[in-house]
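Letters A, B, C and D mark the chains as written, and numbering starts fresh at 1 in each.
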Amino acid sequence: MSKYQHIREEAFEANLKLPKLNLVLLTFGNVSAADRNLGVFAIKPSGVPYMELTSDKMVIVDFEGNTIEGDLRPSSDTNTHAVLYKNWEDVKGIAHTHSTYATAWAQTHRSIPIYGTTHADHLTVDVPCAQPMDDDMIKGNYEHETGFQIINHFKELGLSHKEVEMVLVGNHAPFTWGENAEKAVYNSAVLEALAQMAYLTEQIHPSVNRLKDSLINKHYDRKHGSNAYYGQ
Amino acid sequence: MSKYQHIREEAFEANLKLPKLNLVLLTFGNVSAADRNLGVFAIKPSGVPYMELTSDKMVIVDFEGNTIEGDLRPSSDTNTHAVLYKNWEDVKGIAHTHSTYATAWAQTHRSIPIYGTTHADHLTVDVPCAQPMDDDMIKGNYEHETGFQIINHFKELGLSHKEVEMVLVGNHAPFTWGENAEKAVYNSAVLEALAQMAYLTEQIHPSVNRLKDSLINKHYDRKHGSNAYYGQ
Amino acid sequence: MSKYQHIREEAFEANLKLPKLNLVLLTFGNVSAADRNLGVFAIKPSGVPYMELTSDKMVIVDFEGNTIEGDLRPSSDTNTHAVLYKNWEDVKGIAHTHSTYATAWAQTHRSIPIYGTTHADHLTVDVPCAQPMDDDMIKGNYEHETGFQIINHFKELGLSHKEVEMVLVGNHAPFTWGENAEKAVYNSAVLEALAQMAYLTEQIHPSVNRLKDSLINKHYDRKHGSNAYYGQ
Amino acid sequence: MSKYQHIREEAFEANLKLPKLNLVLLTFGNVSAADRNLGVFAIKPSGVPYMELTSDKMVIVDFEGNTIEGDLRPSSDTNTHAVLYKNWEDVKGIAHTHSTYATAWAQTHRSIPIYGTTHADHLTVDVPCAQPMDDDMIKGNYEHETGFQIINHFKELGLSHKEVEMVLVGNHAPFTWGENAEKAVYNSAVLEALAQMAYLTEQIHPSVNRLKDSLINKHYDRKHGSNAYYGQ
């Protein structure tokens, strides 16, 4: 048995959750699970329908993007995963979808405003949207640069990837991450719900205000403060 | 067997209906069932996925918010349920969801206008939206204050919680209630439908008028009048 | 066995299709099936969940709205069905839903413009919307008057109920009909699709034009003309 | 066994995917599969519910639109399929749906702008919308002319049907095609997703820009360029 069996299983199970949560159409999406001691991650192979996935078909890749084990080609987004794992040391799972509402926001280049407590229970800033790459980055190693596009945007905004586990890549679609692959998928589901609710909120009341600071701080504290007690 | 078994079962069954009616994503939502003679209610534990719920996992809490029986932590919204049960004596079931359309309305701070008979068959006023708390309430016992935020809003508007069994909490999400937990969940489903229809109505015709008074009164009378005959 | 068994079965089967086609929430909706020789129709009882329906629970009613056979109270919309059957002699099935998009249009008092061939394949005029009743009609036999509200609107517009088998009742919701109960339900499904598409069409292009007359006439002819050949 | 059994099976399987992918309501839609050596295609019969389809019920038709084998009447859109097969020699599968969002765009006569990489991964131009026919074409062989309406629009725009495998027919609905029937259905699912996302994108940000050329070119190259590597 492969010494990577545990992350193969973890990535396989997490990938299967994407269609169950209505986060992917056809084959658009991929989840990976990392073992940081071994310095590798397991990721969905490219172009394989969700119905035909097995844990054995997952591809093992190192944090430079090199395939270590597996007969199939890894997802075309693999280099983006690799860059995030290499630079953000505590991330152990990453999910990428083209979920409908989050992708629509990404296509507008707008961050998703924080309008309510559903949002504040998960992150206390707007969901950031990394602006599209400069043309010279596009001509280079595109998927590799997508990783830096995300990391640089977090640096510019002064955001911590431990507190904000989701991003929109402008013109593209969302990436989410977390302490394992399941949490990354959970964050993708949360993001899609926030994206849909924010869209509807603006349709119902175009001049709506963002959530006020006192509520943002309260929700931050009940989750992250010294007396954190939040769960639902 | 626990003397609370009947409300454990009632709360368990009602919580399971939330995902079946597409009213919750992941673990966002909770239903409780009260026994007013015993002075307690059974409520969903915090952070447990719906797939893993059992009646034994429900937590028994009194109307002050103290846990009476149960190994798990009760929902973080428990104090809101407790305040409503304590102050509104005939309520025997409460449901809280983050259902998509109702939550979007709550995020706008708008009440949902009565536009048609689907609405009038259930309540003959706009669905009230309690405005966000003052900052000093937020700093206090937040979930406790959410209960008073609801009760005070009903007092200000002169509404009876027996005739209007639903409310939007501004920036947060809906609460609904009724004579038992099942009715509370039913009201959550009705509210979500009203919220979606009102949203679409305004999109299709931005200057649409509210339902005229003669129709509101007719629907009130056929449900609550001396010759009430309504059901569908 | 009841001499009405055939229409009990027909109405039962047709009522079950409403939730399968996502046309009803909870108990909001009803379908009836008529036997014109016997001068009666079978209709869903009032307030019974779809999961608990059986053919035996259908109520047999005559065209004056009198219950002829059955232990349960017939749907509160029964008098509307009765008036339509009495006045439109070839109708043998009627369906009433509160389907989301059609009801939203009804709440705006707008007829649904004919924007494409999906619409033109079923009717070659806008879906009519009967304006809300005058206040004196509302105070009378409300459900009875709803039937006349529909019939009178067709007379005003010069429409044939044989060519246009659907209507929106302003502020209320749609009614559809046909040569049997199954066709009535089919028309409810078509109407909901047309309502959603017309809503989206106006959102995508607010100044869109109605379908041009030459296309309307072509679709009328290929379905109703002397060389009709349409089906899909 | 019929010498057409292989395309009967292929068309049957592909037609069944339409309702599974939520691309059709009731009987609105049809898929065909061609054998170019035999010069025929198998297509869904007219007006048969998807639940009652079998491979034996598929109708075999030649590229002039003549029925070669089969007891049922072929889909009323058969002549459109025939014209496309006759004129576009490498097409081996065609799908036609009235999917909700794509049809709404067709009803506006607008092409669907390219707003993101979900779109660019499949085609690097706007989804073309063939304008409604002139009135004299409408009076002629309508479904036959629909085929030419599509082909002429591609000629006017200088598009290759090998690179752009989808079109909106103005006021009507989409057609898609590909190297086999399964790919044609895949393209219908992609088109519906692009149509929904573009709609939402414009709602969220009405003055949004199209995807910039450098990104369009990158996505074209990674799929079609000399070093193509795209799959997901």
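The working rule: a contact is a pair of C-beta atoms (placed from the backbone, for glycine too) under 8 Å apart; a residue touches a chain by one contact, two chains touch by 3 or more.
Worth saying up front: this structure is predicted, and the values here are computed from it rather than measured.
Between chain B and chain C the CA-based rotation angle works out to 90°, given as a multiple of 5. Under half of the residue numbers at the interface between copies chain A and chain B are found on both sides, making the touching surfaces mostly different.
With chains reduced to the mean position of their C-alpha atoms, the one farthest from chain D is B.
Chain centres here are Cα means. That of chain C falls 33 Å from that of chain D. Between the CA-based centres of chain B and chain D the separation comes to 46 Å, rounded to the whole angstrom.
For chain B, the set of residues that touch two or more other chains comprises 203. Contact between chains, per the stated criterion, is found for A-B, A-D, B-C, C-D. Residue ranges on chain C touching chain D, taken from their complex, read 115-118, 186, 189-190, 193, 196-198, 200-201, 203-205, 208, 211-212, 214-215, 218, 222, 229-232. Those residues of chain D whose C-beta lies close enough to touch chain C in the complex are 25-30, 46-47, 73, 75-77, 98, 100-101, 103-110, 132-133, 135, 138-139, 142, 171-173, 199, 202-203.
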